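In what comes next, chain A is part of two complexes: it sits with chain B in the first one and with chain C in the second one.
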Partner chain A sequence: MIELEQITKQYPGQAMPAVDKLYLSIPKGEICVLVGPSGCGKSTILRMINRMIEPTSGVVKINGQDVTSTNPDQLRMGIGYVIQQIGLLPHRTIAENIAIVPRLYKWPKEKIKQRVDELIVMMGLDLEKTRGKYPSQLSGGQMQRVGVARAMAVDPPIMLMDEPFGAVDPIARTHLQDELLRLQKEIKKTIVFVTHDINEAIKMGDRIAIFNAGQLVQFGTPEEILTNPINEFVEDFIGRDRVVKKLNLYLAEDAMQPIKCLLREDELQNVAQKMKDAGAEVAFLVNETGKASGQISAGDVAEFGMDIEGLRKRARRRSNAFVQTTTPFPDALSLLLEYDADYLGVLKGEELCGVLSFQGIRKHVYRKEGE
Partner chain B sequence: MTLTDFVNFLVKNSKTIMEYSENHFTLVLLAVGISLLIWVPVGLLLTKSDKWAARVLALANTIFCIPSLSMFAILVTIPMFGLGRKSALLALVLYAMMPLIRSVYDGVKNVDRNVIEAARGMGMSTKRILVEILVPLGMPIIFAGFRITVVMTTGIAAIATYIGERNLGRFIQEGLVRSNTPMMVTGALIISIIAIGLDTILGMIEKRIVPKGLRVSR
Partner chain C sequence: MRWENFRFALFEKAPEALLEHSMIVVITITIAILISVPLGVFLSRPKYKKFGLVTLNILNLLQAVPGIAVIALALPILGLGMKPAIVALLFQSLLPIVRNTIAGLLGVSSDVKEAASGMGMSQRRILWEVELPLAIPIILSGIRTATVYVVSIGTLASLIGAGGLGNLIMGGLSLFRPEYLLVGAGLGALMAIFLDRMINYLEYRITPPGMRVE
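So, the complex of A and B:
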């Protein structure tokens, strides 16, 4: 756990303190995102945790211990640090770059090599091709992977990341974000993550701290912040599409309902009766192999009546109108709009396990909004 | 002058040529060695303070502007130094100040700040950062300055003959006075060969010493 107590940072020659009497407690094992417009003091706060900057007054504690009780170099060796510009040593190979902190800890050579290889693979880089390369031979996205690997080399419990994905292209950024989230599920580090991008904050943060002009404006989970922005500044910062952004927080399984009507493709002629019996608004078809292959809604039945071929065609057109349980709402909504459908089948792997409706999404968001 | 005259001069005076070359070499080596010992640490120190860097670099520039003949003349008048090696050495070391300090300072200052920031953030000590990052990354610029220093020192050392150094400059000086063309050419040629030779050798060393990662491209 990281605690900032009454932290103030006053730069000489500046009227306003960069950080003003801040109290912030960052829970263990979570990603805490510090977000705000440029110059709000978020980077300064991050850099005070590993003593790259010393506060003018106040105490930073890690697991209850004042950071100034440790020699700064020792302290930093135990905290992963990733910056936007990465700062790989250009004259060292990728393997040597990752090995920097293990070498500071004087690990035996064999252990270092093993760990470096492990990290290169973990970061999704080609081990044989990457190990001996120099940073200038990598792309921006690959370099930042190495940057993250380097910070994780000695498996530090805390990682500080200062706009780590700010300089890579949008596609690589999404990949890096997804991978960090996937890794975090396993490694459960305490990560302090600075960004100026509210969307990145919502995506990455277990908790978000919004700053403005050296002050902490709001601190809470993404859901809390999106649901109850504390003031106009936060509202503006989040943007007018606040509720649409909130959709990112929910997955298909959150609003999934049980399937009421399921039939084989050769039972299509009975679809009207079956749906009526089950009281279902939508029926899903499965093919001979048991795989979900399409859907028929009550509207389709009314439209086609006994025209079984027409129904079959309609069902097939929606053969891809399925999402996974872990699909976020925005992607599901996109599919609903794409297929002009009211329902989507929800799959867990290959297995059909529920139905997600347009209405269900609306209700789920509305209920959360009302909380 | 015919080629025979020249060859005759070389053969007849081979002992003197050897002696002068040796003297020339020793003076250059000593001067460069002392310069490195003094100016490299000074250059490194200056990277810590912009204020002092500006002052010292200005001083080095001023010294560098003094014509070598004037410099030797001035030093000779100082009783502690007088005619001879001491004055010659001091002058050469003073001339080396500008290129060496400047290149060390520029080399280190040119290192990407983000690399230093990242290294510091990982817990590398100041000393380690200096040895493992600043010096190797500054090496291309530092070494360029070093090469210039060596070549320049070889040239200026010849002028020290006017204050009593018995080196290759003497052939040129006496050759001029006596209108002895073979003598003049011998001095001029050997000094040039030494300068070019040293520069070539240093060029080869530079290739080995500049970190590989700075040379590879995508």
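So, the complex of A and C:
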């Protein structure tokens, strides 16, 4: 746990303090995102945690211990640090770069090599090809992977990340974000993550702290912040599409309903009766291997009546109108619009386990919004 | 021009002169490196940066004094021989090395230094493992410039009895023997070119593979 108590940072020659009497308590094992417009003091706060910057007044505590009680170099060795500019040593190979902190800890050579290899693989880089390369031979995304690997080398419980993915292209950024989230599920580190991008904050943060002009404006989970922005600044910062952004927080399984009507492809002529009996608005078809292969809605039945071939064609057109339980709402909505459908089948792996409706999504978001 | 004179200059006089000249150059450059590199490191530390401009200006002034004047000025103070010549030549060789050491160290990207420091490397370690290795090609290029200076100005050192290739040149002038002149000046030029190329190669070899412009 990281606690900032009454932290103030006043740079000489500036009228306003960069950080003003800040209290912030960052829980263990979570990603806490510090977000705000440039110059709001978020990077300064991050850098006060590992004493790259010393506060003018106030105390930073890690697990209850004042950070100034440790020598700054010792302190930093125990905290992962990733910056936007990455800062790989250009004269050292990738393996040597990752080995920097283990070497500071004087690990035996064999252990260092083993750990370096493990990290290169963990970051999804080609071990044999990457190990002996120099940073200038890698792409921006690959370099930042190495940057993250280097910060994790000695498995520090705390990682500080200052706009780590700010300088890589959007596709690589999405990959890096997804991988960090995936890794975090296993490694459960306390991560303090600075960004100016609210979307990144919503995606990455277990908790988000929004700053403006050196002040903490709002601190809460993404859901709390998106649901109840505390003032106009936060509202503006989130943007007009606040509720659309909130869609990112929910997965298909959150609003999934049980399936009422399921039939084999060769039972298509009975679809109207079956749906009526089950009181279902939508029926799903499975093929002979048991795999979900399409859907028929009440509207389709009304439209085609007994035209079984028409129904079959309609059902087949929606043979890909399925999402996984872990698909976020925006992707599901996109599919609904793409297939001009009201319903999507929800799969867990290969198995059909529920139905997600347009209405269901609307209700789920509205209910959360009303809370 | 007589072959006999030429042969005498090249085979009887030149070996000793060349040896003396090499000694002057090697000793001067070694001392210059020992003074300049630490001075450059010192002046590039954030705490002492403010002295940088003053020091560079002083060295610039020293550099601006013509070599022959420095040699002449050294004579009444330090007397005759190799020692005063080396002191005089030192003045000419400090500036390029100090200047390049500072430039090389300050040229190391602040991102790299920030990352190194953020990982817990001490300032001393950053200097030895990050800054100096990255700055060494530029420092070497300063040493190269200084070496070429010293080789050429070193020919004047014979005026105060330090010997070297200057002896051949001066001798040639006073005895009207162009053969001596040719051998002295020619060997001086060859030595300068040779050392320049050699250090240039060293620069290339010492540049970390990840940073070579190929």
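Throughout what follows, the second predicted complex is superposed on the first by the 371 of 371 C-alpha atoms of A that agree within 3 Å, B and C clash if a C-alpha of one lies under 4 Å from a C-alpha of the other, contacts with A are read in each partner's own complex, and residues count from 1 in each chain.
One rule holds for everything that comes next: a residue touches a chain if its C-beta (ideal position, glycine included) is under 8 Å from a C-beta of that chain, and two chains touch if they have at least 3 such contacts.
Values in this document were obtained by computation on a predicted structure and should not be read as measured data.
Colleague: Quick one: on chain A, after the overlay, do chain B and chain C clash, or do they fit? Just give me the call.
Modeller: Clash: chain B and chain C overlap once superposed on chain A.
Colleague: Which holds for A:209: it touches chain B only (first), chain C only (second), both, or neither?
Modeller: Neither partner.
Colleague: Given the touch rule stated above, what does A:91 touch, chain B (first), chain C (second), both, or neither?
Modeller: Both partners, chain B and chain C.
Colleague: I'd like to know which partner A:285 touches here: chain B for first, chain C for second, both or neither.
Modeller: neither
Colleague: Return first, second, both or neither, reflecting whether A:101 touches chain B, chain C, both chains, or no partner chain.
Modeller: Both partners, chain B and chain C.
Colleague: Where on chain A do the contacts from chain B and from chain C line up?
Modeller: The answer is residues 50, 52, 73-78, 81, 83, 85-93, 100-101, 104, 134-137, 147, 150-151, 160 of chain A.
Colleague: Can you name the residues of chain B that touch chain A in the complex?
Modeller: 112, 114-125, 128, 132-133, 136-137, 211-214, 216-218
Colleague: Please give the residue numbers of chain A that touch chain C in the complex, ascending.
Modeller: Touching chain C from chain A are residues 50, 52, 73-78, 81, 83, 85-93, 100-101, 104, 134-137, 147, 150-151, 160.
Colleague: Show which residues of chain A lie in contact with chain B when the two form their complex.
Modeller: Listed in rising order, the residues are 50, 52, 72-78, 81, 83, 85-93, 100-101, 104, 134-137, 147, 150-151, 160.
Colleague: Would you mind writing out the residues of chain C in touch with chain A in their complex?
Modeller: Within the complex, chain C touches chain A at residues 109, 111-122, 125, 129-130, 133-134, 208-211.
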